[in-house]
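First the structure, which I've put down as structure tokens, then a few questions once you've had a look.
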Amino acid sequence: MAMVGGGAGSFIGPVHRMAAQLDRQIVLVAGAFSHDPDRSAATGRSLGLEDDRIHSDWRAMLAAEAAREDGAELVAIATPNHLHLPIALASLAAGFHVVSDKPATATLAEALELRDAVSATDRIYTLTYTYTGYPMIRRAREMVANGALGDIRKIVVDYPQGWLAEPIETEGNKQAAWRADPSQAGVGGCIGDIGVHAFNLAEYVSGAKVAAFVADLAAVVPGRLLDDDSNLLLRFDNGARGALLASQIATGERNNLTLRVYGSKAGMVWSHETATSLTINYLNGETRILHDGADGRSRLPAGHPEGFIEAFANIYRDTAAAIRGAPGIVDALVPGIAAGVRSMRFVERAVASSAARAGWTNLED
Amino acid sequence: MAMVGGGAGSFIGPVHRMAAQLDRQIVLVAGAFSHDPDRSAATGRSLGLEDDRIHSDWRAMLAAEAAREDGAELVAIATPNHLHLPIALASLAAGFHVVSDKPATATLAEALELRDAVSATDRIYTLTYTYTGYPMIRRAREMVANGALGDIRKIVVDYPQGWLAEPIETEGNKQAAWRADPSQAGVGGCIGDIGVHAFNLAEYVSGAKVAAFVADLAAVVPGRLLDDDSNLLLRFDNGARGALLASQIATGERNNLTLRVYGSKAGMVWSHETATSLTINYLNGETRILHDGADGRSRLPAGHPEGFIEAFANIYRDTAAAIRGAPGIVDALVPGIAAGVRSMRFVERAVASSAARAGWTNLED
Amino acid sequence: MAMVGGGAGSFIGPVHRMAAQLDRQIVLVAGAFSHDPDRSAATGRSLGLEDDRIHSDWRAMLAAEAAREDGAELVAIATPNHLHLPIALASLAAGFHVVSDKPATATLAEALELRDAVSATDRIYTLTYTYTGYPMIRRAREMVANGALGDIRKIVVDYPQGWLAEPIETEGNKQAAWRADPSQAGVGGCIGDIGVHAFNLAEYVSGAKVAAFVADLAAVVPGRLLDDDSNLLLRFDNGARGALLASQIATGERNNLTLRVYGSKAGMVWSHETATSLTINYLNGETRILHDGADGRSRLPAGHPEGFIEAFANIYRDTAAAIRGAPGIVDALVPGIAAGVRSMRFVERAVASSAARAGWTNLED
Amino acid sequence: MAMVGGGAGSFIGPVHRMAAQLDRQIVLVAGAFSHDPDRSAATGRSLGLEDDRIHSDWRAMLAAEAAREDGAELVAIATPNHLHLPIALASLAAGFHVVSDKPATATLAEALELRDAVSATDRIYTLTYTYTGYPMIRRAREMVANGALGDIRKIVVDYPQGWLAEPIETEGNKQAAWRADPSQAGVGGCIGDIGVHAFNLAEYVSGAKVAAFVADLAAVVPGRLLDDDSNLLLRFDNGARGALLASQIATGERNNLTLRVYGSKAGMVWSHETATSLTINYLNGETRILHDGADGRSRLPAGHPEGFIEAFANIYRDTAAAIRGAPGIVDALVPGIAAGVRSMRFVERAVASSAARAGWTNLED
């Protein structure tokens, strides 16, 4: 595997590296971790890479790895959003498989362009929608598909974070800086950063597709250019109603993505703060809780928690299997470009819906 | 105290009785528990009332009690919604104080009529918005008012119930039957039954007022005439955004009303399933939990849970104090007709907003 | 009902009063709330009692009530422990039924004396082991009896409180003062105050009886005369092992009595902090949670929490039924003198076991 | 790194491998995964090892690696207990550093022999007491050391598992088979397998040392030769009291090791089921919760859970640092042979204490 992005100060770059290698299916052999040669070299050396496989220009890296007999087969993209498209296009064109961080691209037009490129190649392209890698999310999805909840009637997905409650993008926080910059993040702020996780998860587990919505996006922190708080009412193609709430100014919240799916027979709750279990509430008022480790989806027995890195690693493990030819993975178990296009369409239309300010009723006259 | 409603099969009638008497400030002395004389008599006798103070006609009861030297001073209304207005009007006119179950009336027009009547009398009128009686809700409200959270930015209130996930109104469930009947419940189903609790609680704690909203109400269970699922995006008069989700078809959910208020300094979570505590999350990522019993708001020391009846009793205790002349209670600590009017306006406009179906964006072309 | 004890500053006196009257089966008509006439009068009047039924001498009250045609039938004892025996004996002798706060008496010898008196009368005698009144505890007990857990193998009961972590008995805390005074509390401190709750609950739910134990009691706070921390290893008559941990110096803990019963098929957890639910964990690793309100044991539907007062009220309600002649209540559903004797024997032998300091192994040579 | 043990069917072998390599400080290069050549080869090849570095005889592997210029520097021991000593002795003698799974050895005598060997070398020897690797455990330890809880008064450690509630050692479960076999496990069953985790954790966090105890060990499942349930009363060298409960027949429990430390100012709770947070309860009744990710101890920001593998990896990371010469790690931050000797002494004396059956008091005459 060769990586683009993920230099010093990156959050998701190290996650990609730890996850990719956890099961010894994939080995990091090259990287363009930063456009700054010294920074990229420092990262690469700390990872034990050979000097001739550390680059500052990702195009040069692709060329070098493609030219080697023992070159990387897979490119991991862990850059800000605006670079996702060119790196993915070039990687696919050079014959690499691609694992890209979400969102697929910075705009819908880019996502459509990438979809064409993916369609035209036999290379694998997957997106690290991390939460789809959690064993209990996959079990939830199967249970819904098998009718364990009956007909799905209501879907609520809620993703509160509080780390952008203050304008830390102006105070040297690298993570915040690019996310708050439209030229790097794209048209969506919170909606594009975590709203897409929530959107993707709701569809992934429920099997229903969002058909229509009303969006209310706000840039709450003064001076911020992109939304940092996003609230939507949803209607799904099967008739279910619901809501999607995502926020990065929910002060004090860490990362408690929660999904609730209510059917005619039972309701289901999964929360990232208790990611290793899945709660089902039945019509008769009883609750059943399933725990990780009891089926074959986990590395460890029950009671030995796996977390974010392991969920991420599941996506890499499955991508590796797809690269080796396993069927039924991409666009099914693991999100691919189809999910990427849906998410970008969702982001752009949510921004437009919010700007239109239609449908609001005043409470007072 | 004289009670109207609350005969056999009632849920809230016994709650009013237990709550009113818990602190020995109020004694139930008369009742018109049912329009069926036998049923009313059976209830009254089981409560140890004297026969001449048990009625089936609430107008007769008001007249009889008003005529007695030792007659009741207070009327408790625990009937279906459509009777709230006539009983309240007649009670006030006869000189009684009134504690009414929510919502104030079945329609906004009725609520406005009642407001005029309340304005024209010196009698006390309060509404049992139960959740405002919880000690931790009152503490939360004070903390917000004192600036403990900073500027309020986002308010999410979520009220899932699952008891109407099946059409039990057609299967002999008395509670469900009147709530599903527009002639008894009014224009709102779920929105009028529990949505108003959520609406009132959000305003009560945050101190902000809902200024505008988009509503999506649905009658999910086939054949149901009133909404059983209600989802709204909210904007508040202080600029805060938010959402209100209320459902009675959230299968398996019991009664887990949850309120989250996020400010610039901290975020606050209160949930009915853990009603005796209040969680505050701070910018630095630490959580603080306050527990009942540590301040003077509870009857019992910490670790001795008080519940729904005790919260209800707090409203009665405070109403009794108001009757005795204590200032600053009605329309402040305890909701009165002002909150009743706001709630009914909210219900009617939510129904209209939902019917208008404005502002929706399709995700697919 | 006539009450002895429960004047100003009492914790448990008001609980007895609220609980006794919650279901309108019992009415408080007289009281000797304090040996100080002014204090007793103040309490009695605040409760709306007639002056001639307020006493400072409990013997006088018993005589007066016994002499009245409309006199009380039931005496509630809410005094420090050393007065339990004389009041209970005199009440029974005068023909009253008795509800006594736990422990039954201050010593085992007293408990045996009281047992003889109870045996010799047809009056009802019950003990307010509060936790046996919780609906979920009663459901747990039935499930164990019905074999839902299989053979019982291990029982752990843990009762941490922190309110005596500082020497507040010397700082004017009336509750602490008598509990820390051997002349009022008896031979046990923590073990007699809350250890007996834990002991009784373990036997009540499991159906097994403690056969033997090793006890380690300590007076942790300097200057304290009675134990404030109690730890015991247990063996039960059915072969099960277990432990009982009770503490009043578990700093910061409120009142989180927790019982765990493990059988050959499943394990069960009940905790006072989540008293309205019962958790069962099965061999296959799944968890099932039962909630209050789904069977007929609660006053309110699911999701409307009942608490400490309601659990206490269940004991009063059942005692009232027993007084009216219902069979199978005393010494079965509601603890009576048999449980009282067991608890006092447990306390005395635990104190002796701890003093003997036998069986300890040093880890270092 | 070269590994002994950890072939197909092993639980802890893969954990060692994933943990050792998570931070790219250590690379697995050789292994003797099973004494069966085919099984060892299968494991080694699945891990991508070269054939000449896969062995079935661990002595041969040590010799081969010692002879290579690029040979492993570190040996990881993931075998049943009875092999820990010979492998550790031979590894140290051949100049390897050692990371051993716990317990250090199968007997106290062996542990003392190993202590001498460790003392006589400059090689690093560490024990994977996993729970000491959790960031919140390390933070808890620092807080106690800094006086945040005041004087430590009570320590309760509770480790319930249920996976041995049935005699699965006779039904082909490899994990259970060796643990239930005294010739492989040593003198302790549950006490040696998980009791030592609990013992070590209590001392690690509290800074106090167990001075004396009473033990009650039982083999609950019929036919089992070693204890599967262990209960002990503890006294610590600083005067604190406490208890240690460990069980593998706590049906339905997964792996919920819980530690509570009560001091004169505050009490602390850490539970493996919520491993990423630490709860502190204060004298004034307030609760404070600290979360992973807020200090520098975690790989990921707050709200991104790390689990068992990551905790294990922290021990490897620190061991690697110690190998490179970092001071203050072994026997301080990471347990070494001193903790190993203490644990084995604890196991042997607990078994003897239980067999002596001293100090028990009958409740009935």
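Going by the order they are written in, the chains are A, B, C and D; count residues from 1 in each one.
We take it that a residue touches a chain if its C-beta (ideal position, glycine included) is under 8 Å from a C-beta of that chain, and two chains touch if they have at least 3 such contacts.
Keep in mind it's a predicted model, so treat the numbers as computed, not measured.
Most remote from chain C, judged by the distance between CA-atom centroids, is A.
When the C-beta contacts at A-B and at A-D are tallied, the pair with the greater total is A-B.
Centre to centre, using the average C-alpha position, chain A and chain B are separated by 41 Å. Mean C-alpha positions place chain B and chain D at a centre distance of 54 Å. With centres set at the average Cα position, the gap from chain A to chain D is 35 Å. For chain B, residues touching at least two other chains, in rising order: 253-254, 285, 287, 291, 293, 302.
Residue ranges on chain D touching chain C, taken from their complex, read 149-150, 153-154, 156, 158, 160, 162, 165-166, 209-216, 218, 220, 229, 231-233, 235, 241-243, 245, 247, 249-254, 260, 262-267, 280-283, 285, 287, 342, 345-346, 349-350, 352-353, 356, 358-364. Across the interface of their complex, chain C is touched by residues 277, 284-291, 293-294, 302 of chain A.
Chain D meets chain A in the complex at residues 11, 14-15, 17-18, 21-24, 47-48, 161, 163, 253-256, 272-273, 275-276, 291, 293, 299-310.
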